[in-house]
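Working notes, beginning with the structure itself.
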Amino acid sequence: MEMNVKLQVFEGPLDLLLHLIDKNKVDIYDIPIVEITDQYMEYVRAMDNSDLDVMSEFLLMATTLLDIKSRMLLPQEEKTEEGEEPEDPRAELVQQLLEYKMYKTISYQLRDRQLDASLVFYKEPTIPDEVLKYQQPVDLEELMADLTLNKLNDIFQQVLKRQDNRRDPIRSTFGKIKKEEVSLEQKMEWTIAFAKAHNTFSFRNLLEAAHSKTEVIVTFLCILEMMKAGQINITQEDTFTDIMIESRIAA
Amino acid sequence: MELKEIENIVEGILFAMGGTVEASKIAKALEIEEKQVVEAINSLKESYAADNRGITITEIDGAYQMCTNPEIYEYLIRIAKQPRKYVLTDVLLETLSIIAYKQPITKSEIEKIRGVSCDFAVSKLVEFGLCAELGRLDAPGRPMLFGTTEEFLRSFGVSSIEELPELSQTQIEEFKIEAENEANNVEVTI
Amino acid sequence: MELKEIENIVEGILFAMGGTVEASKIAKALEIEEKQVVEAINSLKESYAADNRGITITEIDGAYQMCTNPEIYEYLIRIAKQPRKYVLTDVLLETLSIIAYKQPITKSEIEKIRGVSCDFAVSKLVEFGLCAELGRLDAPGRPMLFGTTEEFLRSFGVSSIEELPELSQTQIEEFKIEAENEANNVEVTI
């Protein structure tokens, strides 16, 4: 029999078997196992055996076929004691082939459906800005439903108690030992940089970044130092008004 | 709220949202019954069809999505580029069919039917968004179970798994008859 | 090509494209005159408006775009924007209680009491309308002062801050001592 299957690629051993059955025009329920096995083996021998995974799948089926073939060649068993027909060694393979064939057929139907469905266009969401920008109003009544004045009072007391607990009872009495939060050198550098970047500024401008009383005082010392060095001029219109600083080192 | 008014609101919502929207969600937003929403959508669909309009509404797993009428594809493709998301080879299609009909299913069950390994095919289908992991089977090794997604239904133009071409015992019988006929027609080939 | 047919195709094109589409581009795809496209779009627009439909078409610089009818924003918001549940967390409650009892108060004072940053909490309380900025403290850095709002009082059914439950006398004594100690401790060290 002519073998022109070499060029064809099969999805797997079942695919190849179905092809051989189709090509030989034989009944899937009565596979001429000797014939088909020979053809199958011929194909496998001709296969590119570089892909071991694929190869092993085809070889596994080959052993199944050879097993069936040998069982078919054995003399037919008599009817079993219960009078049942002995099972056809090909039965399991036939079931597998039928099931596979069924899904193969279905997959062609699905392909057609996909083609039809691809004629339809969908679109990305286009949610209007008005909708995207919408902020849900706060429902105070709902938000405050569980809160009472007494509860608020309790919470505040707890907060204060916790603040109290955080304070070390012994150390807190030392009082005067405090870590130097800001170094004069660092603040000096920062203030000079600020003066280089600004022509005129107020003392309050400088204090916006200040986090503590210490830092405010250090900043003030810096200003005095810079005035002494002639880097800045300061003016104050009245007592307690803002001190205006004119930089002489501005770029 | 009158049917016509519901129709108009539903139209605007489906247009703006782009994706699928559940009828129940619309019903809640409009403070009406879900069946009123479904009625409005069906009425809308009919009026689109009656006038052979350029848009239509499709149902996917109980949710609704606005889309174009397939009849205008020819003109549309000249302007819009249909994003070709994936090409399904025979292997992928076969694997997808098995998953679609037997979901939830494990890889080893798929392999048993196809007779070959399916790791690559399944991970491709997951990558394309056509299949997804559904959870683990409570069995030794706790294998992963796979099933199809909403995107699968959309790409294949079906509104639910039940709508897939039937796969029943009768169909298997048909295959049998087909096979027998084939055999009878040729008889002498061995 | 008849006007009705052009309308339907244009409808599908505008829907699928989502963004603006030039009339000339549609005319080219349909192999008709641009003015026929414009005529179809105007007719489509009119029929949308006549039925008060959920979609409409806007013109932007000679290009056209399909969009939702502004009248349905209200419903669209309920669908597109998940309703959020605002809650007063413990952090917010604590911050609120501090502001209520110590107002007017600066953020740094609140931070001193709670021991942690309060920027987020304060801005949330302002967003909720429970607290508001009262003005700046006349001190170095001119920090912002915060206090509770009328809405805050109203939600408790009280008319002034004085009606808040008092802190116990012993507690107030403790605060005094504490405050005095603190004042003594601040003898700047550099």
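Read from first to last, the chains carry the letters A, B and C; within each, the first residue is number 1.
In this section, a contact is a pair of C-beta atoms (placed from the backbone, for glycine too) under 8 Å apart; a residue touches a chain by one contact, two chains touch by 3 or more.
If you want to know which protein each chain is, UniProt gives these names: A = Segregation and condensation protein A; B, C = Segregation and condensation protein B.
In this text the structure is predicted, and so the values were computed from the model without any measurement.
Student: Quick one: which chain's Cα centre is the longest way from chain A's?
Tutor: Computed centres place C farthest from chain A.
Student: With centres defined from CA atoms, tell me which chain sits nearest the overall protein centre.
Tutor: Chain nearest the centroid of all protein C-alpha atoms: A.
Student: Provide the C-alpha centroid distance between chain A and chain B, rounded to the nearest whole angstrom.
Tutor: Distance between chain centres, rounded to whole Å: 26 Å.
Student: Determine the centre-to-centre distance between chain B and chain C, using the mean Cα coordinates as centres, and give it in whole Å.
Tutor: Distance between chain centres: 39 Å.
Student: Between chain A and chain C, tell me the centre distance in angstrom, where each centre is the average of that chain's C-alpha atoms.
Tutor: 29
Student: Find every residue in chain C that makes contact with two or more other chains and list them.
Tutor: In chain C, the residues touching two or more other chains are 12, 15-18, 68, 76, 80.
Student: In chain A, which residues are in touch with two or more of the other chains?
Tutor: Residues 121-124, 126-128, 131 of chain A touch two or more partner chains.
Student: If we count contacts the way the header does, which residues on chain B are in touch with chain A in the complex?
Tutor: 15-19, 58, 65-68, 70, 73, 76, 80, 82, 88, 90-91, 93-94, 96-98, 100-101, 113-117, 154-158, 164-165, 167, 171-172, 175-176, 179-180, 182-183, 185-186, 189-190
Student: Quick check: in the complex, which residue numbers of chain C touch chain B?
Tutor: Per the touch definition, chain C meets chain B at residues 4, 7-13, 15-18, 21, 25-26, 28-30, 51-55, 66, 68-69, 72, 75-76, 78-80.
Student: Touching chain B in the complex: which residues of chain A?
Tutor: 11-15, 24-30, 32, 35, 53-54, 57, 61, 96, 98-111, 113-114, 116-128, 131
Student: Spell out the residues on chain A that touch chain C in their complex, using ranges where they run on.
Tutor: Within the complex, chain A contacts chain C at residues 121-124, 126-128, 130-132, 134, 136, 138-144, 147-150, 152-153, 155-160, 162-164, 166, 172, 175-176, 178, 180, 182, 184, 204, 207-211, 213-214, 216-218, 221.
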